[in-house]
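Note that the chains are named A, B and C in the order they appear, and that numbering of residues resets to 1 at the start of each chain.
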Amino acid sequence: MSKILIIAEHNGVELNNSTAKCVSCAIATGGEIHIAVFSATGNEIAQQASELSGVTEIINIQSADYSHALATTIAPEAALLAADYSHVYGPSSTYGKDLMPRIAALIGVNQVSDIMAVKSSRSFQRPIYAGNAIIDVSVPADQTIVATVRNASWPAAETGGSASMREHTATAERPTHTRFVELASEGGDRPDLQSAKRVISGGRGLGSQENFAIIYALADKLGAGVGASRAAVDAAYVPNDMQVGQTGKIISPDLYIAFGISGAIQHITGIKDAGTIVAINKDSEAPIFEVADIGLVGDLFAIIPEIEAAL
Amino acid sequence: MAKLNPLDLYDIRSQLSEDELMVQDSIAAWVDERAVPLIAECFDKARFPTELIPEIAELGLLGSTLEGYGCAGLNYTSYGLICQELERCDSGLRSFVSVQSSLCMYPIYAFGSEEQKQRWLPEMAAGRAIGCFGLTEPQGGSDPANMKTHAKRDGDDWLLNGAKMWITNGSVADIAIVWAQTEDGIQGFLVEKDMAGFVTQDIHSKMSLRASTTSELYFDNVRLPDSSRLPGVKGLKGPLSCLTQARFGISWGPIGCAIDCLDSVLKYTEDRILFDRPLAANQAIQIRLADMARRITTAQLLALQLGRLKDAGKMQHTQVNLAKWNNVRMALDIARDARDMLGGFGITTEYTPIRHMLNLESVITYEGTETIHQLAVGRELTGISAF
Amino acid sequence: MKILVGIKRVVDFNVRVRVKPDGSGVDTDGAKMSINPFDEIALEEALRLREAGIASEVIVISIGDSSCQQQLRTGLAMGADRAIQVDTDIHLQPLAAARTMLAVIETEQPGLVILGKQAIDDDNNQTGQMLAALWNRPQATFASKVVVAGDTATVTREVDAGLETIEVDLPAVITTDLRLNTPRFVKLPDIMKAKRKPLEVIAFTELAVSNDNNIQIDHYAPPAVREKGIMVDSAAALVTELKSRGLL
């Protein structure tokens, strides 16, 4: 019977919903599910974790050394705890990607990165080549499975659970060679169009260079890059290095939202590798709706404020 | 078995050495990152991207086959690959490098005094001194033996009089390599831009090679010290040997244009749907695409063997004549065909074929017109000059 | 101090890979191969540290068969001082790769090891972290800025919440993210100069690295075909749908 330890992610105040997604993956894997919470003081995070449905036990590990989530400080204790488990899961967030491989190395195993799907308790699906190939992998029976859970592939587990809680005193040495300095919550510059994970684009439907301001504003709220169709570039609403399409940039963000773009084939060529394509256009016959994963017919000038309100 | 690369059907890459691959890949990366984003606008505005000159020089693109004097000392196949990658972007870009390297640095290197080499070659390799090559004249390009520009002895100096036309880099050049009639036959002179009596005039309204400076040069009693004269060669073989150097690069360059055109139309015909199917499913289109690939492949093989011959020291000028003729004609015809396949989209510089098409009208004309090269091969075959 | 930079030979990022029809692998035959883009950024950072006088020597290392010498020579042409090829036909997984790097570190004693955060073929994002763990040294992953002063490095990292800055004692492992720098282009004269720089070949079998606890790859498949889309009827419904898909 599998016993799965999930390393929780939180910001000191709130449990990150990536942890709930790890629970869904653990449920699909099958077995008894525990969550380890490493924090400075207090039970709040552990309490939130205990409410996740499907979880049996929360292990609360407190130390001033854990006041910032540093991989070097957390990994040693996590590796010790892992000895009692068949699986150790973490989220495929920057936190989990930083931490989990360090745990895997301390245990002496390779890691399964970015689980998209569970095929059996020891066999998983994950993406390689930026998702251009999907592989089925399995971990031989004598090895602890250490894995990160791909955020976009899993729903958050339901709440309504009531896991038991226990305190655990960390015994592993916590190195002092790595020290937190600061966290700047504003990312700074808008992400580069070519490499951004999210892109918002505007087309001729924006009507003017001034109107493009609402696209930039929404992009900044979403931490997204900004692109445009050829029509918007030709009309001089935006400079031509923002053109997305066959003769502009070919991009593959996880999320692409097109406002007021009809979807000429040259534009589609530029986005056909995007993870999820969303289209908003007032013309229900616009060709872009044939390729969009999610379509919304309506006036973009009304819809953009509504989206911002719902975020 | 791997899928064939449509742009390299006969896997020319597998015939390149590791160094040659590195040359091709590093120049291709620079071209894509730095030159391609600017070039359509440069063509539209009829300007050469002079802001790229420092980088072009720093990369070692100027005089890349020369040994010493701050040059890279690469083999000729590498030079050919450089031309191909530059011209995949624009013939004007490649012309700048050809002129500087093969027509200006080469004659100084081959025929200049040590003092001239020391004075000019490092500066030219560094892009701080730009050269131009004055051979063609307003009344005749194909017949250089009958050039009218002349230099007459005046004491220890020479007085240069005449005019040259269709000179790439003319008005931006710090130094012009000017070929002139003398009592001792045609000789080459290094004319510096501020010398009294030397003026340049840009040629406007060009519809071809717009991202390149093309000028006329006028010499009105320009006084040149004898130290300006290239001492190492007399006669037409001087300028013609420079042309052979440049023509070598020009045999490779247009392959880049053709590859770029084929790449454009392959992508376009894959996505463009007419009558419920992609253009690429249409027989007429496939036949044209196949023919482009056939002609590109033969040009690639021709150029590669030419490179191997030159690197072995065995290349003869007729072999260059044939390659320049074949490969430029191939590229011009492919560019026109590609433009047609793109329909209305093909008439702006958003897509590249029309720009290549227009540029190649100059490339098929300069460095020997098609006819000149055909007659050179004819003379080789028959032993009779029909010029 | 010495900086060790790990570089991996991968399919060029412009190449669209295809899965073999029998699902046994990805077809890379004849594909253009390049240095992993994140590793180029790692090398660029090391070169800048040497140019600033902070490092004295930059060593590039690659694990693979003799074909990776092409990438090592490109690294030398970019400016690295010498190269090491750990020769093996086996495609090592991150743990064995980290153990291999550690064995070389024991000889070379670098002050800093800089790796790309992940290879664009396997997309594992593990080797740097594993190396740091085995070496018992700090890891500063997804670096977008590196400042080295004396015995410490202050590294700004790209994290989900923004930019986190940490301070690490050297020696340490840094992994690079995209925004750290823009790698320089190879200069042609340096291609010729690179031929004279040392390239050492070490047999993997000589390093006493155990290659165990590997994960098995059972099957390769192409990505799922895009399914027919859905329509939503309001902005609120759109946001709900995107949140449920983990995209917002």
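Basically, a residue touches a chain if its C-beta (ideal position, glycine included) is under 8 Å from a C-beta of that chain, and two chains touch if they have at least 3 such contacts.
Keep in mind it's a predicted model, so treat the numbers as computed, not measured.
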**Request:** Find the most central chain, measuring centrality by the gap between its CA centroid and the centroid of all protein CA atoms shown.
**Result:** C
**Message:** Please identify the chain with the largest separation between its CA centroid and the CA centroid of chain B.
**Reply:** A
**Between the pairs B-C and A-C, the one where more C-beta pairs touch** = A-C
**Item:** Whole-Å gap between the CA centroids of chain A and chain B
**Value:** 51
**Asked** Distance-wise, how many Å sit between the C-alpha centres of chain B and chain C, to the nearest whole number?
**Response** 39
**Prompt:** What whole-Å value do you get for the distance between chain A and chain C if each is reduced to the mean of its CA atoms?
**Reply:** 21
**Asked** For chain A, which residues are shared contacts with two or more other chains?
**Response** none
**Prompt:** Considering the complex alone, what residue numbers of chain C touch chain B?
**Reply:** 18, 27, 29-32, 34, 69-70, 73-74, 77, 185-192, 195
**Message:** Residue numbers of chain A touching chain C in their complex, please.
**Reply:** 11, 21, 70-72, 75, 93-95, 97-106, 108-114, 123, 127-140, 143, 151-155, 175, 177-188, 192, 195, 198, 222, 254-255, 275-278, 280, 289, 291-298, 303-304, 306-307, 309-311
**Prompt:** Any idea which chain B residues touch chain A in the complex?
**Reply:** 37, 267-268, 271-273, 345, 350-351
**Request:** Using the touch rule from the top, collect the residues of chain A that touch chain B in their complex.
**Result:** 230, 241, 246-247, 265-266, 268-269
**Message:** For a test of understanding, state which residues of chain C touch chain A in their complex under the given definition.
**Reply:** 11, 16-17, 19, 26, 93-95, 98, 120-134, 136-142, 154, 157-169, 172, 178-179, 213-224, 226-227, 229-242, 244-248
